[in-house]
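Think of it as A, B and C in the order they're written, each chain with its own count starting at 1.
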Amino acid sequence: MLALAALHWLAPLVLNPYYATILARIGIAIIAAVSLQLVNGVTGQFSIGHAGFMGLGAYASAAFSVYLGAALLDSLGASGLVRFLYFPLPLVCGGLVAAAAGLVVAVPTLRLRGDYLAIATLGAGEIIRIAILNVDAVGGARGFSLASASHTAVDLRFESLAGVYAVAAVSVAAIARLVYSGGGLAFRAVREDEIAAESLGVPTTRVKVEAFLVSSFFAGVAGALFAHTEGYIHTNSFGFVRSFELVAFVVLGGLGSLSGAIIAAAVLTAAPELLRGLGEWRMVLYSVLLIATMILRPQGLLGQRELLGLWKSHGAARS
Amino acid sequence: MENLLQQLLNGVTWGSIYALIALGYTMVYGVLRLINFAHGEVYMMGAMTGYYAARWLGVAGTPSVAGLVGVLIASMIVCGLLGALIERVAYRPLRGAGRLAPLITAIGVSLLLQNAGQLVFGADPKFFPPLLESHEVLRAGEVAISNIQLTVLVTAVLLMGALEYIVQRTRFGRAMRAVSYDAPAAALMGVPVDRVITGTFVLGSMLAAAAGILVGLANPKIDPLMGLMPGLKAFVAAVLGGIGSVPGAMAGGLLLGVIETLVTGYLSSTYRDAIAFVILVLILLYRPTGLFGAPQTEKV
Amino acid sequence: MALLEVSRLTVRFGGLTAVSQLDFAVDEGALVALIGPNGAGKTTAFNVITGVYPPSEGSVRFAGREIGGVSPHRICASGVARTFQNIRLFRGLTALENVRAALQGAHRNGARDVTRGPGWQRGERAAEDEARKLLDELGLGAFADARADSLPYGEQRRLEIARALATRPRLLLLDEPAAGMNPAEKQSLRALVAQLRRAHGLTIVLIDHDVSFVMNLSERVAVLDHGEKIADGPPEAVRRDPKVIEAYLGAEAEARA
């Protein structure tokens, strides 16, 4: 908590806005990567359309803020306290809309196995993106800006880096707690051997749908954060290229490792921004790295383990 | 009625492009059980290679059938080699590594080709040289067919016919079919599995390259990202027809082209790209083995 | 009323009939063996009883209720557990986690895993204790924190049994539990099975190839051949039944041809 408070007040003083933006993007990438890891790495269901849920969360939360939030803040007076209380609302809104979509996608597609599931999720992600693109109320092909509110005095953007990381911490902790508990073993059991799990009483379809729901909720939250820190969104940021990036984070970090996903997301989001001139080479680097990793070290950075066995000890064994 | 016929004609033309690309997906899936995500990029490379080949062969300025044929051959050779290279470098090391690793690698190769393409060719669109001068060939009232459309259709049919011949009547085709039914058994029978797989990639890539050239003829604006959507859609076509089935890919491609054109023409054009994905999801839900595929059960 | 009643069960896969008109009943508390040459349909019968495949014809009743075609996890919840012929442990998880997954997989906490109130800790500790007890009972206490796929073969087989027991079954189906074991190991497995049966009040049906392993353990033996039941009775009678001898010898002759 202390760290967050420090971050909140010191950050704007110490960091120039460029670095603050990068750090915000890292925080958002972490949430998205960990949420995807729950489905792909922990539960073993290969989803490659995750950016669609981020996009839904981004657009839903932006629409919420622009059409409802602005009026709300305007009438309540946009003081620090009011903004602090308002902060979770668009995020939860984004998360819930994304989760609803997750449910709609999950129920029919989780019957499919392996490659077919992956392709179905890719298709779903694209359908979501194209559907959003066709909604004029959120800008369509022009993109959507938080500034288009009719209450122009209100600034809907979130400036606080601490806020982003608070959300990231809560999200990661929630997912970690879900996974590393007695009941959470069900997710990994489904990954390890679905038939055996089912024969031992684990309701595998329900478990998979749950993983999908939780995962898409947090993807939506990440998207909502993105919308509110960037101030302007376009469906181009939520296409399958972004989905593939998230898959890269999850795989390179180690399929099944939450801390691995965090590290990969942080490093791969920060590196190209900081290494100036890398620009167009960023994606080339990603792809080469991805290919090389799959051939030379398919378990990625941490495989299925966690850094410092941190979460494994969290309530799993007493010792 | 005549509008419908025109739409159908356009649909079949586009469909044959999808079919050519879909064949590559389906053949590779048949022998390797791998979805070669990078295949759309081979199609793009076909168009790009054609662009440069036309300049290099000196036929860019003057339309001629010979020029077209030359460019086709050059592009098919280059892309065939590219396909073999991809298989050798990216997929062969992962033989037997499960289903996930090759899938991820395929995504990686796709991304690599797109982005390397942007670096090497420049991200701006180029204009494919008019290797044939466009003019109407046939007209029946409101329905017209241009020579370019005719070329696309005829070339596609010829290539698909050639492929069908190879698959059904040559030793290589027999070997390919054997490997797709049961690779270990085929190996035990003396089939050179590695070479067959490489050959499959080469064949598929050549067809994709041809598709790229034909598209360049019909829609001259080409760019390094042009492979994304058609690639995905052709994949949908392959799944629609039954992934692993050669006639399925042809049927799926034609069907997808026609459906897309009809829906775009009669309903709405903004959802054009979504149609393929909706079809994909529907097929996966209701008949995952596609129109011509066979169901599989898992032994416990 | 028998605990398990299989009536006129027929299972077809495409053109192949794996099980044909099988009638088979098991009383509560009994220990019955299902034997027969390879491909006789024994594992298929198990798969239908546990819900992995639906019956093509016929019915399967457990504790009076029809379970044919019901999903495996619901069948398990009503009290049927099994082990697998080809070991299907959760290989990346530890032995303890394997057992806990079976213990807690069906009764999950959902959101309470995230909020972790005081009751949660107690629940987790209780579950862990129970899992460790089961491991100890099967002589696996020392392997609790070892990865399942690092266990020696015999221990892996016993872990499969521990996992199945964690679901608190009334009926336990053991599919080739002694496969790959040497005579000494089979001896101790026999003792273990008998002991578990007493300790947990289990009804047991077991499949095995090894006729002598089965003869000394079970009270009743049913024999399948090419999907049909050809004998059913006390071990001694079955051993001498000419049809049974022919089925096994016939299978041997086919194998040698």
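Quick note on the criterion: a residue touches a chain if its C-beta (ideal position, glycine included) is under 8 Å from a C-beta of that chain, and two chains touch if they have at least 3 such contacts.
The shown structure was predicted, so the numbers you read here are calculated from the model rather than taken from an experiment.
S.K.: In terms of CA centres, which chain lies closest to the overall middle?
M.R.: A
S.K.: Based on CA centres, what chain would you say lies at the far end from subunit C?
M.R.: Result for max centroid distance from subunit C is chain B.
S.K.: Once you find the CA centre of subunit A and the CA centre of subunit B, what distance in Å lies between them?
M.R.: Each chain reduced to its C-alpha mean, subunit A and subunit B end up 34 Å apart.
S.K.: Please compute the C-alpha centroid of subunit B, do the same for subunit C, then give the distance between them in whole Å.
M.R.: Distance between chain centres, rounded to whole Å: 49 Å.
S.K.: Between subunit A and subunit C, what is the separation of their C-alpha centroids in Å?
M.R.: Once rounded, the distance between the two centres reads 42 Å.
S.K.: Quick one: which residues in subunit B touch 2 or more of the other chains?
M.R.: Residue numbers touching two or more other chains: 300.
S.K.: Which residues of subunit C are in contact with two or more other chains?
M.R.: 52, 84
S.K.: Two-or-more-chain contact residues of subunit A, please, as numbers and ranges.
M.R.: Residue numbers touching two or more other chains: 195.
S.K.: Which stretch or stretches of subunit A touch subunit C in the complex?
M.R.: For this pair, the touching residues of subunit A are 174, 177-178, 181-186, 188-189, 191-193, 195-204, 210, 256, 304, 315-318.
S.K.: Looking at the complex, which residues from subunit C come into contact with subunit A?
M.R.: Contact set of subunit C toward subunit A: 50-52, 71-73, 76-77, 81-82, 84, 88-93, 96-97, 100-110, 113-114, 116, 120-121, 123-125, 127-128, 145, 163-164, 166-167.
S.K.: In the complex formed with subunit A, which residues of subunit B make contact?
M.R.: My answer: residues 33, 35, 90, 93-94, 97, 99-105, 107-112, 114-116, 118-119, 228, 232, 235-236, 239, 270-271, 273-274, 277-278, 280-281, 284-285, 288, 300.
S.K.: Show me the residue ranges of subunit A that touch subunit B in the complex, using the header's touch definition.
M.R.: Result: residues 46, 48, 108-109, 111-112, 114-116, 118-120, 122-124, 126-127, 130-131, 133-134, 195, 240-241, 244, 247-248, 251, 255, 280-281, 283-284, 286-288, 290-291, 294-295, 298 of subunit A touch subunit B.
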